[in-house]
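Chain IDs A, B, C and D follow the sequence of writing; residue 1 opens each chain.
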Amino acid sequence: MAVAGPDDDSIQAIFRSMVLIAACDDALRSAISAGTVTMAYYSPRGQEAVAAGFAAALRPDDYLVTTYRGLHDHIAKGVPLRPLLAEMLGRAAGTGKGKGGPMHVVWPDTGLMLTTGVVGSGLPIAAGLAWAAQRQGDGRVAVASFGDGASNIGAFHEACNLAAVWRLPVIFLCQNNGYGEHTPFAHHQRTARVSDRAAAYGMPGITVDGNDPLAVYSAVSDAAARARAGEGPTLVEAVTYRLYGHVFGDRMTYVPPGELDAAWEAEPVARFRRHLVDTGVLSDAAADRVEEECARLVADTLDEVLALDEPAADELLTDVVAGTRGD
Amino acid sequence: MAVAGPDDDSIQAIFRSMVLIAACDDALRSAISAGTVTMAYYSPRGQEAVAAGFAAALRPDDYLVTTYRGLHDHIAKGVPLRPLLAEMLGRAAGTGKGKGGPMHVVWPDTGLMLTTGVVGSGLPIAAGLAWAAQRQGDGRVAVASFGDGASNIGAFHEACNLAAVWRLPVIFLCQNNGYGEHTPFAHHQRTARVSDRAAAYGMPGITVDGNDPLAVYSAVSDAAARARAGEGPTLVEAVTYRLYGHVFGDRMTYVPPGELDAAWEAEPVARFRRHLVDTGVLSDAAADRVEEECARLVADTLDEVLALDEPAADELLTDVVAGTRGD
Amino acid sequence: MTDAAAPAETSVRAALTRALDEALGADETVVLLGEDIADPSGGVFGVTKGLSTKYGSDRVRDTPISEQAIVGAAVGAALGGLRPVAEVMFMDFLGLCLDQLANHAAKLRYMSGGRTPVPMVLRTAVGAGLQVGAQHSQMLEAWITHVPGLQVVVPSTPSEARALLRSCIESDDPSVFIEQVPLLQRRGVLDDAPVPLGVADTKRAGTDVTVITYGRQVHDALAVAESLAADGPDVEVLDLRSLSPLDSDAVVASVSRTRRAVVFHEAVVTGGFGAELAALVSEALFGRLLAPVLRVGAVPAPLPYAKNLETLALPGRDRLSTAIGHLMSFGG
Amino acid sequence: MTDAAAPAETSVRAALTRALDEALGADETVVLLGEDIADPSGGVFGVTKGLSTKYGSDRVRDTPISEQAIVGAAVGAALGGLRPVAEVMFMDFLGLCLDQLANHAAKLRYMSGGRTPVPMVLRTAVGAGLQVGAQHSQMLEAWITHVPGLQVVVPSTPSEARALLRSCIESDDPSVFIEQVPLLQRRGVLDDAPVPLGVADTKRAGTDVTVITYGRQVHDALAVAESLAADGPDVEVLDLRSLSPLDSDAVVASVSRTRRAVVFHEAVVTGGFGAELAALVSEALFGRLLAPVLRVGAVPAPLPYAKNLETLALPGRDRLSTAIGHLMSFGG
C-alpha cells in the first residue's frame, strides 16, 4: 500500500463510481436482452474497481485513452451519463454526435481523449499525449487502459519502449481480465504476469488486485507521482475478471468449470461494499441509498436518451475534415 | 562455453568464412569508391564472427532470414559468391535474376529464405518457417538475424511472443552493433542488453561476445539444440560493431572519439587469426594462404560478374505471380 | 418439414467452413492460423468451427493478438512448404499487417526471380452494415488491388465462396479473401463446380446497363435489376468475383453490348476499386458508350455509427436505381 | 563567381528545411519526431539538419525504430495540443503504421463529432529511380487518397515544397507529405507565396492535351511538352500539388479546353490515383473528349533492382510522349 490512501470522501466517490458502472452495465444488458437497444456490447462488469481506483488517483485533467471495453473507464473518468449513453445509442446528443458509437467515446473536458476499437493502438497515442504534457509542462499524466491480450501486439512494445526512452509521464494500465476474446491468458503468453514485461523497457512494473479499488488507487498514485516527477512511465497490471465474457451474447463455454463461480465470489462491487460497511466507512443504509440512486439515475437517463433524435442527415459529411459539411 | 566446441575443421571453416566476408566487403567498398559499382551498400565489416559463428552451429538446411546488412550472413550460410555478387550488381545471373538486389538475396538451397529491407519484418517470417519445420518434423531450426535497433519494433515483440507460445524452433539472433543508423544503443532503449528482453516472453536470453566466433557458435549451438528438442525459441545477442558505419559513405561523425579505434582493436578477423595462430591451430603461412585465396576468389568473381548481362527486358513482368510473363 | 425434393441450402458461412475442411482434408500442408479460430470458439464468426477438433489445434492454430506475426508467420510457413490460411479478424486491421502482405507476401516471388513463391491466403471480414463503427467496417480492396503480386477475391454466393476459397488455397501465390459479415448468413444450394480466379460471372443478363459489382452488393444489384425488369431498363449484373486477377475481358465484353455501366461497391468511391473499373471501361470503350461510367459506393467519410447515417453512407439499392435511371437518361 | 543579378536558387531539400525551421520558429507547439532526425544526423536525407541544434532535441526528437509509435505518438501529441510533424523514413513503411494513420488520425475528428481533430503531418520519402529496390521505392498515395479525413500532398518545386509543407503544418487536419528523393536536389528560386491545399497549378499552358501529374513527374512532363513544342501538340501540364483535397475544378476546366488528357504518375497504374483522375474526367466530360483518358505510370510489378529494368518499370518521358502521340491520333 502507498503512503497516503484516499480520504473518506474519495473512498465514497470510488464506491459510487463502481456502483454507477455496475448499474449502467446492468441497464444496458437488460435493454439489449429486451430488444430496446441493439449494439455490440463489451461489458466491463467485474472490472469496476480498476476503473474507479485508477480514476480516483488521477487529476481531472489527466488524459485517458481506453478501448471498446471502456464503459467503466468512461464513467470513472467523469464522462456525463447522458452524452455517454447517447453515443452508445447513436443519438445526436452523444459525445460524438452518435457518429462514433460505443467504441469511440471521447470527452476531452475530463481528459478522455480516445476510445479505440483496435487492440493496442491506444498505447502509442497515450505516449503522444504524455509527450504533449511533458512539453507543455502542465504536470498532466496520460493513462493508457488496455487488456491482457493487447500486451502481445506490436504497438504495446513500441509505445512502452518509446515512453521509457523519452521518460514520458504515462501509465500503462493493463486490465488483465484473464482472456482476450476466448483465449485464456496462459494460452497467449508465457510470463506469469503482464507486469513482467516492464523490465524489457527498463520500466517499473507492478501487479495489483484489480478487484480492490484501493490497491489500484495506490499503484496508480505511485505511478502518477513518478510520472509527474519526471521519472517516466510505469506498467501497472490490475488482475480482474470479465464476468459476462467478451461481448454480449458470449455463452462462455470456453471457461473451465468453477472459474466463473469463483470470479463472482470475488466480484468487486459487493466486496468493496462489504469492506466499507465492515470498516464503518459506510452504513448499510447509505450503501443501499447509493445503489438505488445510481440505478434510478441510469434508468432515467436511459429512458431520456432513448427518446432522443438520431443525428441529422447532414451530419453525414460533416467533421471529415475541418469545415466539411453537406454534399 | 558449451560442452562441445567445434572441431578443428570447423574452426578452419569458420576462419575462412570470416576472411571471405571481409575480403568481399573490402572488394565491394573499393569498387564503389572507384566507381566501378554503384549501390547502397551496408557493410557488415566487423560482424564477421557473428555470421561465421552462427552458421557453423547450424545444419546446412536450417533456415535463415536476414537483413539489408546481410552480406556476412549470406556468405556464412553458403550462398555461392557468383550469384550473390551478381544479385548485388543487378545481373541476370543473380540469386533473384537481379530483380531483388542486395537487400533481397535468397538462396533456398542453403536455407537462406529471405533478406528483407524492412527492419524487424523478418522475425515473424522466421517464426513461420520454424512453424513449417515443427509441423513437418524435419528437425530444422530457423534463425532470424537482426540488429539492435530492430528490437524496438513491433514485429520483434509479436514474433518473440508467438514463437514462445508455440514453442517454435527459432533462434532470434540479434547482432548488436551498437547503433541503429546514427542512433546509439543507449539512445534507443533503456535496458543494458537486448537479451534482457527475452524474459518478457518466458524465453531464455543470452549475450555473447559477437567478435568471438566460438562464443557465438556455442550460444547458437545450445539454442539450436533446445529448438530441436522442442524446447522453443532463444534470444541470442551477439555484441559487435559496425566498423564502416551504417551505409557506404557514412562519415560516422556521430561516433564518440576513441570508440572507433577501440572497435578496430577488437576487430574480429585479425583477432581470430591471432587466436588460431597462438593456439597452434593455424600457422601464419596457412592463414596468409587463406587470406590470399579469398581475396583472389573475390576479385576474380567480381571481375567475372561485372562482365555479366543485366536481366533481359522481358523479365520485367515475369515472376509477379506464377506464370506471369511479358506484356 | 422440409420438402424432400428441394436441394438443401447452405449458408456462405457453412460453405467457407466446408472449403477449409476439404482443403485440410485433401492436403497435409494446409494449415490455419488466427485469433480464436480454434474450438470451442471456432472463429468469431464461426467460420472455422469444428476444424481444430477434426484436424488438431496444431494445424488449426490460435494465435495471440498479433496481426503482424499472424501474417508474417503465414509468409514464413509458405516459404517453408506449407499452405497457410491466415485469418485477420477485420479488414480494418490490414493497416497493422500490410507490410507483411504488400512488402513481403506480394513481392517475394518477384524479388527472388521466382525462387520463393508465397502460397498463402489471408481471410478477412468486413462488418459494414452492422453498426460496428468506422474501425470495423471498411472494404479496403483498393489498398491491395494496387499491389502487384496479390490476388484479391470477394465472393457473393455459397457455391462461389467455397470454390473461390479452394482456388485461393490451391494457388501458388498470395490471395486476400474478403468475407462480408452480413453475407455469411446468405443461403444457397451448393454445387461442386470449381471457380478459377480471374473469371467473372454474369449473374443476370441484360441489354441496357451493366452493373459491375462483387460481394454482397451483387444481391442488391440483382434486386434492383428485378425491380426494374417490368417496365424499366434491362440490367445486366456482372459479378467480378476476383478483382486481381481481373476479368477485364468480361467487363469490356458486357459493357460493349450494353453501352452503359455503373460500378457498384461497398467501399468509399474516392480512389476505390471502382475508379480502376471506370477508367478501364472508359478507355477501352471510348466513343462507344452511351453514357459516362458511374460509380456508386460509400460516401467520402468514415462510416458513421448511428443507424440512419450508416444507411445513408453505404451504397444501397436506392442509389443504384438512381444511377441506372441517370444512365438511361442518356440517349440510345 | 555567381551572377549578382540572378536570384539565388534553393534545393527542394533546403526549402523543406526552411519550412520546418519557419514553422518551429513561428509556433511553439510545432514539434518534429522520427528516426535519426536530430543532429548530427539531421535525417537520412538531411531535411531536418540543424533543427535539433536550433530548437532542442526535445522538440526535434529522435525516436527508436518504431513506426507505429512514431505515428501514434504524433496522433496523441496532436490530441494534446501540439502540431507534430512525424517522419516515416520511406513511404514503403506505411504498411507498418497505416492503422494509426487510417484508423486513427483520419477518423478521430469524425468519430468524435469534431471534438478531437488531429493536426499532424506525416512526412515520408520515396526512393524510386535510385535502385533501392522494391521495398524502398513505392509511391503509395493510392492507399491514403482512398481514406477520407487525410490530406495528401506531393510537391514538385522548392517554393511549393516550402509553402505546401507550411500549409500542412498549419492545417487542423492530418496530412501526408510525400518527398520523392530524386527531387530533393532540384533547385529553384524560392518565393514567399503561400500555397493552400487543394489548388492545382498550371505549370505550362497548352491547347491540345492536358498532362495531369504531380511531384517529380511534373518536370518530365514539362520536358516532354517542350520537346514537342516545335512541331507537335501544344501540351498543358497541370500540377495537382495536393491530391486530397483535389482541385477537381481545375482538372475538369483544363481538360474541357484541351479535350485530351493523360494522367502521369510514378505509382503503379493498376488502382493508382490515376484511376480516380481518369474516372473523374471521363465522367465529368463525357461526350466532350476527343480521346480516351490515358494513364502512364509504373508497370504492374514490384519495382525491380537492376538499373535497366528499373528504368523500364518507371514511367519515363518516352512513355509519356507515346501516350500523347496516341491521344493526338484521335480526331480534333
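Just so we're on the same page, a contact is a pair of C-beta atoms (placed from the backbone, for glycine too) under 8 Å apart; a residue touches a chain by one contact, two chains touch by 3 or more.
Just so it is clear, the structure is predicted and the values come from calculations on it, not from any experiment.
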Counting C-beta pairs in contact for A-D and for A-C, the higher total belongs to A-D
Starting from the Cα centroid of chain A, hunt down the chain whose centroid lies farthest away.
B
What is the distance in Å between the mean C-alpha positions of chain A and chain D?
40
Counting only Cα atoms for the centres, state how far chain A is from chain C in Å.
36
How many angstrom lie between the CA centroids of chain C and chain D, rounded to a whole number?
31
Between chain A and chain B, the Cα-mean centres are separated in Å by 45
Residues within chain B bordering two or more other chains
96, 98-101, 104, 116, 118, 152-155, 158, 161, 165, 187-189, 315, 320
Junction residues of chain D - those touching two or more other chains
64, 66-68, 92-93, 96, 99-100, 103, 110-111, 133-135, 148-149, 300-302, 304-305
Contact residues on chain C for chain B in the complex?
31, 58-59, 61, 63-64, 66-69, 71-82, 84, 99-100, 103-104, 108-117, 148-149, 151, 171-173, 245
The chain A residues in contact with chain D across the complex are 63, 65, 94-101, 104, 106-108, 113-114, 116, 118, 121, 123-133, 135-136, 142, 154-155, 158-159, 161-162, 165-166, 315, 318-322
Complex contacts: residues of chain C adjacent to chain D:
92-103, 106-107, 110-111, 133-135, 140, 142-143, 145-149, 244, 267-268, 270-276, 278-280, 282-284, 286, 289, 291-295, 300-302, 304-305
In the complex formed with chain A, which residues of chain C make contact?
35-36, 40-41, 44, 62, 64-68, 92-93, 96, 130-136, 299-302, 304-309, 312-313
Sort out for me which residues of chain B touch chain D in the complex.
38-40, 90-92, 96, 98-104, 116-120, 149-150, 152-154, 180-183, 187-189, 253-254, 310-311, 313, 315-317, 320
